[in-house]
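First chain A sits with chain B, and in the next complex the same chain sits with chain C.
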Partner chain A sequence: MDKLIEILRSVCPDVDFETETDLVGSGILTSLDIVMIVSELMAEYDVKLDVDDLVPENFMNAGTIHALIERAGSK
Partner chain B sequence: MTRPASFEEVSSLIPRYMRPGLRTNLASPRALAADRLLIEEADSGLFILRDRGTWSLLTFLMTGTWLPPLPGRVAAELVFRPGDGGAELTGIFESAGFAPRLRRLRLTAPADIEFPPEPGVSTADAADLDGVLALLRGAFDPLTGCLPSPGALREDLERGNVLIVRRGGALAGALRFSREARRAEIRHLAVSPEHRGRGIASALTRAFLSRCGGTTRFVWTGSGNLPALALYKKCGFAPDGWRSAVEVKEKENGQAY
Partner chain C sequence: MDITSWRFPVFLLAALAAYVLLPQNRRWWALLAASLLFYACGGAAAMAYLGVTAAATYIGALLLQRLNDRRAAMDQEARRASRRAHDRKRHLTAGAVCCVCFGMLFAVKYWDSTASALGLRPLGLVVPVGISFYIFQSVGYVLDVSRGKIRAQRDPAKYLLFVSFFPQMVQGPIDSFGHLSPQLLSGRKPDADELRDGIQLMMWGFFKKLVIAGRAATVVDAVYSDAGAYPGSVIAFAVLMYTVELYCDFSGGIDIVRGAAGLFGIELAENFRRPIFALSLAEFWRRWHITLGEWMKNYVFYPLSLSGAFAALGRFSRKHLGGMAGRILPTSLATFIVYFIIGIWHGANLTFLAFGLYNGVIITSSILLAPLWSRLKKALRVREDSGAYKLFCMARTSAVVFVGRYLTRAPWLKMSLIMLWRTVFDFHRRRLIPGILALGMSWTDLVVVGLGCAAVLTVEALQERGVRIRKTLASKGALVQWLFIFIPLTVILLFGALGGGGSEFIYGRI
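Up next is the complex of A and B:
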């Protein structure tokens, strides 16, 4: 999870990924952030995600983002 | 540029161009499905033109600094996170023949700002479709105004996401918004010229803040639109650091579509 937080912070340095629980619903994370975060995650974790993964529920917090990577890695 | 056979062809291309260091204005890939598209694949990125009739809207996923030749009149909105001055990306576009058309700022009103209901404001319904569309088309630049299609506006009306003020039976002002669980956004606010200066925009904004109480509320507005900035500030909004620039390349020889 530390590696994930580090990657997320590199894209969105002003966002508190460790404590926020609903980053998208609260408007902290924009849809543009999501596209850029996924671009970094696919390279760092060598996983393939597609446009249907770019939905708000996958990016509510660091936990849901981590779960998305786990699912993508097990495909 | 080539015309994709289907949206699925485009959606399968997009992840290939999502690389570290990406610069993009792609906010909603699914929204591309509603448009006629032309695409260009290049080493520097994926470029998607969305047909708007006499011009095209450019969506890009770039990791390089080269823009391909783009046919016809093209507008592109460049969006910058807080702390990103945007000079590098703007420079890439302006070197390729684009010129600045509009600068926007995002303003935020926190969830704890509450307003009481606004008595003179009502919720528009399906019968107001043509009137609201005409009001928005009269108030916004088609190139930069992000105007909704009639179909999209119809959906907003069905959801109750358009607030209006009438004067003497005529539509005097309208505010179109989107709403999710914890956030809401003013998408358009327009007052007809003959009714300006009478507090209608303020009433619509307060009604929106009341209607969407408990959510973080956003609005993008022109950075030079001083009356709008003053209005939003008075209602509790403040700039949050997000900015955008709409860059336009005028028509050259050849048509996009």
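Up next is the complex of A and C:
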């Protein structure tokens, strides 16, 4: 989880990923941020994410993003 | 059918009566009949384009559904083994539907301007109202079926209603099947609150369209028809009026169609969220024509950003550029392409190509320069949550949008550039008022447009603060509620540009 937070911070330095619970619904993350995060995650974790994975529920907070990577890794 | 003419309320009343009188499970018939009648007013060719779009997307979605169902019936091992072949078939089917729909859109909307640039024979086809909107909506449906997000509609008549629902035919919104179709088919009777809300929303839309946009159009049409004859100050005023006209024309139109749909208990997707309060150009486009932005995000930006080519570009830029620049280059390029497409979507000539480039370059630059800007703000100790900073950002966005408007209304790119040049280098401040009055805009027009804009700004500022105007009104007595229908109606009848040339919607021609 620490590694994930570090990666997320490197993409969006102004976002508090440790405490925010609804990053998409509250408008903190835009589609641009999501794509940058996904590109970074795919490079760092060597996983393949699809367009179908880019739904708000997967980017609500650090926990849901972590779950997304775990699911992608087990595909 | 012109929705600002007296025929529209009559048509709407007849459709509503038929809808309410039919049994619940047959009410969607009334919506389909009204939609086909509404579109038939556009002529046989318009109906043919609609028919081709509906048929191609209906058949394509059924084929995709069959592919998805076959795969779902397989065991996990077989499903994994067939993934590539399945994806290839899916992409081929969806691609074929896209070729038919976008090919037809290209032939109708873009061929003549392309042909004249290449010295080829134009087709001279009439662009029917709403073609871009229903084609994008139908293609979005096919892509959603392809991705397994929704199941294909088997009933062709029910599907045709989704493609042709009449309020959307004027200027969108581009709704999703999952959101719109269940509402169209539910046959739910609207209650008294929905009827009142729908009428109030329509009145507000008519006010913006007929009172503000209709009057502003006078000076806009005059200046743009012969821009070379005016000093920079009058040109700048005309561009400002065009900005006002477009804002009130588009948002007014959206309010009218959302209000009309609301009379049937149907809530169309939000398409316009007070872009005047946007803090950046990217945010402006997230608030302006929201459903087009969503469509571009889901079906262009995301697939493009995650494509193999962009992944390879990402690896290359990380390796050779490193740091933030290497990380954001692919995303910036995808963003640029999306805004470029949005620009072309708005029109089929060089001015819109330039408009797309203008937006793409500014937004891409702002992404690339974001780290530098962030450091500058820290050095200057700028507080991002302060009112002054937000005001500065809003003014900056409005200025960028204002300059962009020079590009979209002029018939030729050269004229846009001449107008911009004259505004900067040939202003002639003293010729402004006599120039405006000579254009046919009286003092009364100026006052009406000014007060109208003030009313729109006040309402939008309240909404931005979270005040829900119609809900607040609903808590008042019946007299107050009906007054808020009759006062706008009186203002529209007294000051609206009724029956004039300004009745056509700008986005209706897209």
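The working rule: the second predicted complex is superposed on the first by the 75 of 75 C-alpha atoms of A that agree within 3 Å, B and C clash if a C-alpha of one lies under 4 Å from a C-alpha of the other, contacts with A are read in each partner's own complex, and residues count from 1 in each chain.
The criterion applied here is as follows: a residue touches a chain if its C-beta (ideal position, glycine included) is under 8 Å from a C-beta of that chain, and two chains touch if they have at least 3 such contacts.
None of these values were measured; they are calculated from a predicted model.
Contacts of A:12 after superposition on the shared chain: chain B is touched, whereas chain C is not. When the two complexes are overlaid on their common chain A, residue A:22 makes contact with chain B while staying clear of chain C. In the superposition on chain A, A:50 makes contact with both chain B and chain C. When the two complexes are overlaid, the chain among chain B and chain C that reaches more residues of chain A is B. In the superposition on chain A, contact of A:32 is made with both chain B and chain C. Overlap of the chain B and chain C contact sets on chain A: residues 13-14, 30-32, 35-36, 38-40, 42-43, 49-52, 54. Note for the complex: chain C touches chain A at residues 147-149, 282, 286, 297-298, 301-303, 305-306, 311, 314-315, 318, 327-328, 330-331, 334-335, 367, 374.
For chain A in complex with chain C, the residues that touch the partner chain are 11, 13-14, 30-32, 35-36, 38-40, 42-43, 49-52, 54. Partner chain A is touched in their complex by these residues of chain B: 11-12, 14-15, 18-22, 24-30, 61, 79, 81-83, 108, 180-183, 216, 218, 241-242. Residues of chain A that touch chain B in their complex: 12-14, 22, 25-27, 30-33, 35-36, 38-40, 42-44, 48-52, 54, 56.
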